[in-house]
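For reference, chains read A, B, C, D, E and F in written order, and residue numbers begin at 1 within each chain.
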Amino acid sequence: MEQTREQEIQERIQLSETKMIKCVFPDTTNHYNTLFGGTALNWMDEVAFITATRFSRKKMVTVSLDKTDFQKPIPGGSFADIHGIVTQVGNKSLKVQVQIFIEQMYSNKRELAVSGTFSMVALNEQGKTTSVI
Amino acid sequence: MEQTREQEIQERIQLSETKMIKCVFPDTTNHYNTLFGGTALNWMDEVAFITATRFSRKKMVTVSLDKTDFQKPIPGGSFADIHGIVTQVGNKSLKVQVQIFIEQMYSNKRELAVSGTFSMVALNEQGKTTSVI
Amino acid sequence: MEQTREQEIQERIQLSETKMIKCVFPDTTNHYNTLFGGTALNWMDEVAFITATRFSRKKMVTVSLDKTDFQKPIPGGSFADIHGIVTQVGNKSLKVQVQIFIEQMYSNKRELAVSGTFSMVALNEQGKTTSVI
Amino acid sequence: MEQTREQEIQERIQLSETKMIKCVFPDTTNHYNTLFGGTALNWMDEVAFITATRFSRKKMVTVSLDKTDFQKPIPGGSFADIHGIVTQVGNKSLKVQVQIFIEQMYSNKRELAVSGTFSMVALNEQGKTTSVI
Amino acid sequence: MEQTREQEIQERIQLSETKMIKCVFPDTTNHYNTLFGGTALNWMDEVAFITATRFSRKKMVTVSLDKTDFQKPIPGGSFADIHGIVTQVGNKSLKVQVQIFIEQMYSNKRELAVSGTFSMVALNEQGKTTSVI
Amino acid sequence: MEQTREQEIQERIQLSETKMIKCVFPDTTNHYNTLFGGTALNWMDEVAFITATRFSRKKMVTVSLDKTDFQKPIPGGSFADIHGIVTQVGNKSLKVQVQIFIEQMYSNKRELAVSGTFSMVALNEQGKTTSVI
């Protein structure tokens, strides 16, 4: 019996979930000793790209970053745990939600700090958009 | 005769306009030899922060990044010219539009590549939101 | 009924498992277009530190890096998926095994590229070694 | 009526003026919490290269950096505003003056911190010096 | 009279000794204000690669890093002086010992901080192991 | 018998000679695949600072960089060997000559690529210039 497209999508979503954790050391902070927003966006884009590529196994490019909320500053000396998951799948595009959690070093406390959604398209070898699956 | 708030705002908008230009060298590119999106976002956030701080001369933090469009890839070996301008001023928050233009090295050709809008708030010394002017 | 030390250790090992994935872009490669070994070691040390800190929730420092094997070069344009897991727990020290897997972008192929084991000790506020749990 | 060489030069000088502003965050400072001199020189060279390239729209290389004065340390938590302008034009070479201004974040105060002059030549496709215009 | 292989090796060992000194500035430290271990390993690998390449003048790759000891933390605001020397020469492989010394800025005091040994092989143009001399 | 100031200076010059070698990998190059001039200046400033500090063991700051000549481009895939030596000693200032040599990886060939001279002063704890010895 054939796997439906929906089952295929669900399976790919699971397999493409991506985690990247980083130490918030001085080379990533601003003069308030919190993570510089630009560094946060840089890491989020890397995670979005990996999540989308793992889903499609095709060349993926970002077309837009939807509203991104910076809810809490991420203090120096904590961990930034970045998660990416595919949340919507179209024919030639998909959406990846990326969240950054603050994880304290010396307690189990975790809080959501930043979240945003990236829209990405798949390109074929001619650079034309193509199906994501 | 007193300067109106509107005049004050227009004057500050002009004074706070910000430009940062960068060479797209290999330390900023992905494996397609175009500017890595995360690097682009990193530069945009730095320009947004500077533009907002110049406008307010207060401690500014990013609360959100509205829809950001990646219209064209920025090739290695070109310049990325990043411009920031305050486009909207509220009581305790303002919006900064940031655009990246591709400028070719060996011709005058320029094109818009990325644009986004950052919402930022002013904080006082107690970390509470305060008026941006 | 009390949880035994062994159960506590098993639970902490699971909770402290750590993943960090990175794109192998030009800013991380040598002139053979493979990941520079020093960058690999840098990422492994970051993952070891996070894994150990998550296990202990105390100040952890690396005392040694046991034999590390570089089994395969990691090509530019692939992902480096770095995993850390606590493999041995003593009174005041623990061992974290860190592995880097090459994950291809455009296929599901994965291979072990580098593995090493870090020995870490817990320090108290006076800078003396202390129990890891 | 033809534009004279002198008019052409004046026009190009205006069009090639270049600005790059940077935040002085911990990843750019030394252990005195002032901008590391090497980072300052790095930014100045980037601005000199862009200014010269914009003037000529040819391949430009630095042949020398004339006397550079470090007049004031640039404190962490300020902006470094770097300006480049072509100040002298020969047949096959030109000079670019680059200045760094300290701009405080929470006042309009600006001061000159560093200035230097770069001599650059234009190269043709064979790598020989060629006219800058 | 011909130079023996042993003499050749001794001469090459002397010529390949390598030194790299670095300032421990904030872009290299962790949140304890000591050199991040990953940065230390990164520098050691660079020195090992240069030492081995200078010895062989062939393409060298690291196959393993033997036990590395972190004996002392390297404080921010000191120098890290990294030395590499070939300590063992086989047919197709060699060993490079790399040590990092803490050198204080404002006294002559020096101490060994980290030491490790890298095993490296020479590769020919087909990517096969070849003699190191 | 007392050591003369001249002997003291000669001894300090020898002890303060400084070497830093770097691989020219893609994270240091421009789009011509040669070492970016700004990176070269950055390394030279670091070596000048270390050489001067080793000579004086006091807080040293750069006051100027005299004429710096870029004689040859440094190709990607080579080593950049940077040497610093004190060449002139005044009461409160000294000069450090810094040279970068290109060292090829697969031959013993070495050539001078860049040279410059840094003028540095010693500061006491009040930030006033003080004797360098």
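We adopt the following convention: a contact is a pair of C-beta atoms (placed from the backbone, for glycine too) under 8 Å apart; a residue touches a chain by one contact, two chains touch by 3 or more.
The chain lineup, named per UniProt: A, B, C, D, E, F = Acyl-CoA thioesterase.
Everything numeric here is computed off the predicted structure, so don't read it as measured data.
K.L.:
Cα superposition of chain D onto chain E: how big is the rotation, rounded to the nearest 5°?
P.N.:
Roughly 120 degrees of rotation.
K.L.:
Give, as an integer number of Å, the spacing between the C-alpha centres of chain D and chain B.
P.N.:
Between these chains, centre-to-centre, one finds 22 Å.
K.L.:
Just the number, please: Cα centre separation of chain D and chain F in whole Å.
P.N.:
Computed from C-alpha means, the inter-chain centre distance equals 22 Å.
K.L.:
When the C-alpha atoms of chain A and chain E are each averaged to a single point, how far apart are the two points in Å?
P.N.:
That pair's centroid distance is 37 Å.
K.L.:
Two-or-more-chain contact residues of chain C, please, as numbers and ranges.
P.N.:
23, 26-27, 36, 46, 49, 59
K.L.:
In graph terms, nodes being chains and edges touches, is this line, ring, star, complete or other?
P.N.:
other
K.L.:
When you check every pair of chains, which ones turn out to touch?
P.N.:
The complete list of chain pairs in contact reads A-B, A-C, A-D, A-E, B-C, B-D, B-F, C-E, C-F, D-E, D-F, E-F.
K.L.:
Considering only the defined contacts, which chain E positions touch chain A in the complex?
P.N.:
Residues 26-31, 36 of chain E touch chain A in their complex.
K.L.:
What part of chain E is in contact with chain F in the complex they form?
P.N.:
18-23, 46-47, 49-50, 53-54, 57-59, 79, 103, 105-108
K.L.:
Could you pull out which chain A residues touch chain E in their complex?
P.N.:
Listed in rising order, the residues of chain A that touch chain E are 23-27, 76-77.
K.L.:
Under the stated contact criterion, what part of chain C meets chain E in this complex?
P.N.:
32, 36-39, 41-46, 49, 59, 61-70, 73, 116
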